[in-house]
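The structure follows.
Labels run A, B and C following the written order; every chain starts at residue 1.
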Amino acid sequence: MASLVFNRLRFPLLLLFLQIVFIVLFAMSVDYDESARPVVESKDGHNDTKPAAEPIHQPLPEYYPMFQDVHVMIFIGFGFLMTFLKRYGFSAVGLNLLLAAVAIQWATLVGGFFHGHGGTVHISITSMLTADFASAAVLITYGALLGKTSPTQLVIVTIIEIILFSFNEYIGVTMFQAVDIGGSMFVHAFGAYFGLSMSRVLYREDVARSKKEGSVYHSDIFSMIGTVFLWMFWPSFNSALAPGDDQHRAVLNTYFALAACCVVTFAISSLVDKHGKFDMVHIQNATLAGGVAVGTSADMMIGPFGALIIGSLAAILSVIGYKYISPWMNAKLKIHDTCGVHNLHGMPAIMAGIAGAGGAFLASTEQYGYSLYEQFPARVPTVNSTGLAEIMSHVNVEPGLGRSAMGQAGYQLVALAVTLAIAIVGGVLTGFILKYIPGLGRPMGDNLFEDSATWEIPEEDIPAAMLELETSFRRANVLQESGRPLLHKHEKDGASMP
Amino acid sequence: MASLVFNRLRFPLLLLFLQIVFIVLFAMSVDYDESARPVVESKDGHNDTKPAAEPIHQPLPEYYPMFQDVHVMIFIGFGFLMTFLKRYGFSAVGLNLLLAAVAIQWATLVGGFFHGHGGTVHISITSMLTADFASAAVLITYGALLGKTSPTQLVIVTIIEIILFSFNEYIGVTMFQAVDIGGSMFVHAFGAYFGLSMSRVLYREDVARSKKEGSVYHSDIFSMIGTVFLWMFWPSFNSALAPGDDQHRAVLNTYFALAACCVVTFAISSLVDKHGKFDMVHIQNATLAGGVAVGTSADMMIGPFGALIIGSLAAILSVIGYKYISPWMNAKLKIHDTCGVHNLHGMPAIMAGIAGAGGAFLASTEQYGYSLYEQFPARVPTVNSTGLAEIMSHVNVEPGLGRSAMGQAGYQLVALAVTLAIAIVGGVLTGFILKYIPGLGRPMGDNLFEDSATWEIPEEDIPAAMLELETSFRRANVLQESGRPLLHKHEKDGASMP
Amino acid sequence: MASLVFNRLRFPLLLLFLQIVFIVLFAMSVDYDESARPVVESKDGHNDTKPAAEPIHQPLPEYYPMFQDVHVMIFIGFGFLMTFLKRYGFSAVGLNLLLAAVAIQWATLVGGFFHGHGGTVHISITSMLTADFASAAVLITYGALLGKTSPTQLVIVTIIEIILFSFNEYIGVTMFQAVDIGGSMFVHAFGAYFGLSMSRVLYREDVARSKKEGSVYHSDIFSMIGTVFLWMFWPSFNSALAPGDDQHRAVLNTYFALAACCVVTFAISSLVDKHGKFDMVHIQNATLAGGVAVGTSADMMIGPFGALIIGSLAAILSVIGYKYISPWMNAKLKIHDTCGVHNLHGMPAIMAGIAGAGGAFLASTEQYGYSLYEQFPARVPTVNSTGLAEIMSHVNVEPGLGRSAMGQAGYQLVALAVTLAIAIVGGVLTGFILKYIPGLGRPMGDNLFEDSATWEIPEEDIPAAMLELETSFRRANVLQESGRPLLHKHEKDGASMP
C-alpha cells in the first residue's frame, strides 16, 4: 500500500523537488547578463559601464532569430520526429517538452558553473542557446530509449546527463581547445553514445517481441513535421554562435550538405529496398545526417563541394546504418535503438569529428587570414612569441598555445575520443543506476511503446461506419447471445498504470 | 423560402459587406508609415525628412522576425491548439484564420483611430504587431465559444470585440499609463473574460449532453503543434515591442517562466489524476500559462528566479483550474468554456496583472537607472519639476505625471480592474446581441462541435480491412436480408445545413 | 529480366549520377561569395578588399530570417499543402523535399551561370534565396502532376524546368528589365503553366476514374499546416530581396492582400456551395492567391487599399477557378490539375503581372523620389542624358535605358507574355519527353494517387475495436467456414511495385 502511494507520488514529487531546487539555485546564483540589464550610473555620477552620451539600451543580440530556429528544432523538430510510433505520440512530443524544460534550467546552472563568472551565472541569448544545445543531447539520448523508459527514469537521466555533458564540453572546449561549432561531437556524439550504452544495460528480451514498435500512416506524417523543421533550420543550429563570415559560411555549408544528403538518402533507400521503394524511416532520419556530419567543420573553408561530399557520404552511412547495422546491433550486441540515433547522430557525428580534424589540419592563414586565430584560438602564438603582437593588432584574441595545424587536428581527434569515452562510461553507469534503483517504474509488455501507460488517452475513435456495422449484425441476430454492446463499452481509463 | 435564401446568403454577404467597408475605410484613411515610404524631396529642392546625403532607404525594423514569431502564434498556435476536438478541426484552424484576417484589418482601423495621427492611420511592422495582438484577444474569446457558435456569430463578435478591446487598451495605456508589455491584461484577460461572460449568456443545456466534445488520439497530437509553437515563440510575444535590454530581459524572463511552468504542469497533472497519469488537456494548455502570467512584468527586473516562481505558480493555478474550477463553473455558474480559456488565459492574466503591479512597486532608479522613466513614463516628473531636465538629458521621454512607485502599482491594478469590467460587461451585452438577433444561425444538437455543420466534409475514410470484413460477412450470408451495401453508401454531403 | 533490373535501379542510379555531377560542377565552379569569406591580406601587406582597421568579419546579411521564412514555405508550406490526398502524404511531403533538394543545387549552378561572375558561381544568402525561389517553380509544377508521375519523371522535370526557368528569368529581368519582386511572373506563372501544359500532354482517361483522388478528414488538416505557413510567411517571400522601405512596403502590402483574400475566399466559397458551406479545398488554396496576385507590385506604392483590392479580386478569381474552371479544363481541355495550381498560382500570377504593369505605369518621382530609379533601373536616363548625374548623386544606379513609365509598363507585359510562352512550349516539350522516353515508370490504375507504389507503407492500422468485432463474430460461429484470420494477414509489403 505504501508502495502504491509511492508509485503514485514518485514522479510529481521528484519534479516538484527539482523545480524548487532550481528556484533556490537561481535565486542564489543566476542573474541577467550585463547586456540584458539597464545601464545604471554609479553614485559618484559616473556610469559604471559606458559614457552617459551612449544610448541607454543595448540591442538584443542579432542572432535571436537563429536562437528561435534552434528552439524550433529542439521542441518541434525532436518532438515530432519521435511521433512516428503508432501509440507513443503523446509521450514523444509531450515528454520531449518536459525533458527539454528540465534540461534548459539545469544546463543553465551547470553550464554556468563550468563557465564560471565568479560564482554568478549570467543569462542571455547566448546562455539560452547553449542550454538549448545541451537539451539536444538529452533528447538524442531519449531517442534511443523511446518507449522503453518511464518518465521518472527519463528525468533522472536528464539530471545526470547534463552534468556529464557540461563536464565533457568543458574538457573539449576549454582544456583541449577543440572547435565544434555545430556541436556534432559534444552534442550529437555525446547524446547518441550515452543513450546507446544505457540502452545496452537496460536491454530486455520483451522489447523485441512488442508489436507496438511500428508506425501507422498518419504517425509517419506527423514525424515528417519534425524532420522538415530540423532539415530547414539546421543551418541556424550549425552557425548561431559563429561570428560574421564564419556564420555565413556555416549556413552555406550546412544548407548544401543537407541538400546533397537528401538526394543520396532517397537513392540509397531505394537501392537497398527489395522492391526499390523508399523507406519512410530513412527519409525521416538519414536526410538529416548531413547536418550532423558537417557540424564540426561547417564554419571552416571546406568549400561548397566539400560540403556536398560530406552530406552525400553521411547519407550513405546513415541509410546503411538503418538497414543493416541497427538490426545487427539489436540482435548481436543487444543494443536496441528505437529512433536509430546511432545512424542519425552517432556515426555521422564521428564522421563530423574526423572531417573537423581534417579541416583544422588544412587551415592556414592563406585561406583564413588573421581570422584563423579567432577560429582556432590555440593556434595563437604563446606569450612573448614573435608575431603575437601583429596578430593581436588584427584580431581580438588572447595569447594562445602556438599550436600547429597538425596539433590542432590532433586535439580535435582527442576531443572526439574523450567524448565517446565519457559518453559510453557515463551511459553505462547511468544505465546501472536506472536498473538497480528500485521503484523508478518501467514499462513492460503491453506498456512498451504505449502512451496509455502514462497518459489518460481519449476513448478510441470508433468510426460511425463500424458502429453501424455492429448494429446491423446485431439486428441480424448474429450477436444475440451477448447482451452487451461490443463497441461502446470502452472507458476512458481502460489501461491502468502498472 | 425567403428565410432559407437569407440563411444561405447571410454569411457571405456579411463578409463581402465587411470587406468592402474595409477597402473604403482604408482608401479614406490608411497610409504607409513614414518608415515604409520612399524619401521624397520637396519642390524647393530640400528633403522633407532628412538630408540628401543620408541613405534613401530606411531599414526594415529589426523586430520583423519577432513579428513573424507572433504571427505564427496567432495562426498556427491558436489555430492548431483548438484542433483537439475530434470533429472540429476544420473550424478550429479554418475559422481561426478567418477571424484573425477580419480582426487584423479591423484592428488596424480601430486601433489607428484611437492612436490618432490627425485622421490618418499609419501602417508599419508596429501596427501589424498591434493588430496581431488585438486578433489574439478575439481568438481567446473564440476558444471559450468553440463548437457552439456559427461563423456569422463569430464574425459579429470579432467586430464588436475589437472596438471594446481598443477602447479598453486606450484607457489602460493612454489614460492610466499602465504598462503591459506582453498584453496579459489587455489581451489575455480581456479576451478570456469577454468570451466567458458571452458563454454564460449563451448557455444551453444541450451542450453538456453532446458526445462530440472530446478528442481522439491524432486530434490531440495536432493540438500539440499549436501548443509547442505558442510555447516556443512566447518570448517574442512578450518582448516584441520593448526596446533593447528590456527586450532581452523580456525574452529571458518568458523563456524561464515557461520552462518552470512546463515542469510544474507535468507534476500537478500527475498529482491530481486518479491513476497518476498525465492529462493531455493540461499539457496542451497549462504549460503555456507561465507565458501569460509573466506577460505584464516580463521586461521588469523581476530576476530570473522571480520568473521561475511566476511560471511555477501559473502552472499550479492552471491545472487546478482545468481539473476543478472549470467543471464547477460549468455545473454551477453555467459557464461552459470549451478550451478552458479561464485556466490558460483568464486566471494567469489576473496573476500577471498583480505581478506587474508588484514589479512596478519595486521599481527604482537604483535597479533601472534612467531607463526607469522610459519603462514607466508616468513616473517622469511633471513639467517644471526639479530633476526633469536631468532625466530628459538622459532618456528620450516627455514630462510625465511624477507618479511614485506606489502610484504606478495602483494604476496597474486599476487598469486590471477596468479591463475585467469592460470585458465582462461587453461580453454580456455581446452575448445578448447574439442571442436575441434572430437568424444568425447557431449549431444545436448533432451540429455542436461538428465541422459538417459548416464544412463540406470528405467521405468518411473506411479502412480497407473493414470493407473486407463486411464483404466476408455478406459472403457468409449473414447480411442477406439487406440488399444494399452498408459501408459504401456515404455521400459527400451527408450532413445538410440546419 | 534486364528490364526488371533496370526498373529497379533506374531511379537510384539517376539520383546518384546527378549528385556526382553536382559535386563535380561545384568543385569546378562554385565558391563562397566575398561576403562569406575571411578577409585575407595580399602578399605585399595590403588587404585585398578593405583596410586592415576594419573588422575582420562581415556580418551575415540581415535578411537571413526572411530566407528562413521562405525556406519554411518551400519545404513545410508546399510539402504539407500537398498532403491533402488520402493516400499520397508520404509522396507529397517526401518527394517535395527531394525535388527541392535537387532543385536548389541545380538552380545554384544554372542560375549562377546566367548571372555570370567570370565563370565562378558565388554562393551567399542571396543565392540561397534565388535557389529556393527556383525550386518553388518546380514544386508548383509538381502540384499539377501530383499523384500521376513517377519519382524518375519528376526528377527529369526538375532538371529541365530549372534550365528553362533560369533562361526565362534572365530574359525577363536582365534583357527586358522587368521587375517582379515576389516572383509572381517568373516563379508562379512559369511553374503553373509549365506544369499544366505538361499535364495536358500526359493526360490519360484512367486518372479521372481513380477513387483515390480525394482527401480524408485528417489529411485535410495536415494540408492546413502547409496553407497557414505559406499564408503567414508570404510577406517574407514577396519582400526578401527588396531594400529598406521597399521591403517594408512589400511586407505590408502582402500582409493586407492576404487578409482581404482570406475574408473573400470564405465568402465566395460559401456563396458557390449548394449548402452554403465552406469547401476545404478553397480555404487551403484560394486564401493564398492574394500573395501571388500582389507579388509583382508588392514593393510599389499601390496603397494599402490597393493591396486589399488585389487580394479580394484574387480570392474571387481563385475560388471560381476551383469551382468552375478546373472541372471544365479537365473535361474539355483534358488538363488535369491535381492541386489546382491554375487557380492558386496561374491565374493570380497573370493578375499580378497586370497589376505590376499598372503599378509601373503609375510610378513617378513624385511618389518614389529618387528611389524610383532603383526600383525600375531601366528608367534611369541613358549615358550622357541630362539629369543622369543628379540621379546618380542620389542613388547608387548605373546609366539605364531612359524608359518612360509607359515603356516600363509595356515591358512588364512583354515579360509576362514571354514567360507564358516559354512555360507552355517548354511544358509541352517536356511532356513529350516524359511520354515517349520508355521506362521512366508511371503510376497507373490503383497506383495513381497512391503512396504504396513508391513507398514501403506501414501495416494498416486496424483499430482494436475492429479486431474485437471480428473475434466476436468468429466466436459466434459466423465465420467458421474460413479458417484464416481476416484482419491479421496484412504484410508490410502488400503492394508490390508495378
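The rule is short, and it goes like this: a residue touches a chain if its C-beta (ideal position, glycine included) is under 8 Å from a C-beta of that chain, and two chains touch if they have at least 3 such contacts.
Everything quoted here is computed from the prediction, not taken from an experiment.
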Chain A on chain C, rotation in degrees - Cα superposition, rounded to nearest 5: 120
For chain A versus chain B, which are copies of one sequence, does the interface use mostly the same residue numbers on each side, meaning over half shared, or is it different? different
Provide the C-alpha centroid distance between chain A and chain B, rounded to the nearest whole angstrom. 32
Which positions in chain B touch two or more other chains at once? 62, 65, 218, 225, 460-461, 463, 466, 469, 473, 478
Residue ranges of chain C touching chain A (in the complex, touch as defined): 7-9, 11-13, 15-16, 18-19, 22-24, 26-27, 30-32, 35-41, 52, 55-62, 64-65, 68, 71-72, 75-76, 79-80, 83, 87, 89-90, 93-94, 97-98, 101-102, 104-105, 123-125, 128, 151, 218, 222, 225, 454-461, 463-466, 468-469, 472-473, 476, 478, 493, 496-497
Residue positions on chain A within touch of chain C in the complex are 62, 65-66, 69, 86, 214-218, 220-221, 224-225, 228-229, 231-233, 236, 239, 243-249, 251-252, 255-256, 258-260, 262-264, 266-268, 270-271, 273-280, 283, 287, 301, 303-305, 308-309, 312, 365-372, 374, 394-395, 460-463, 466, 469-470, 473, 478-479, 481-482, 486-487, 490
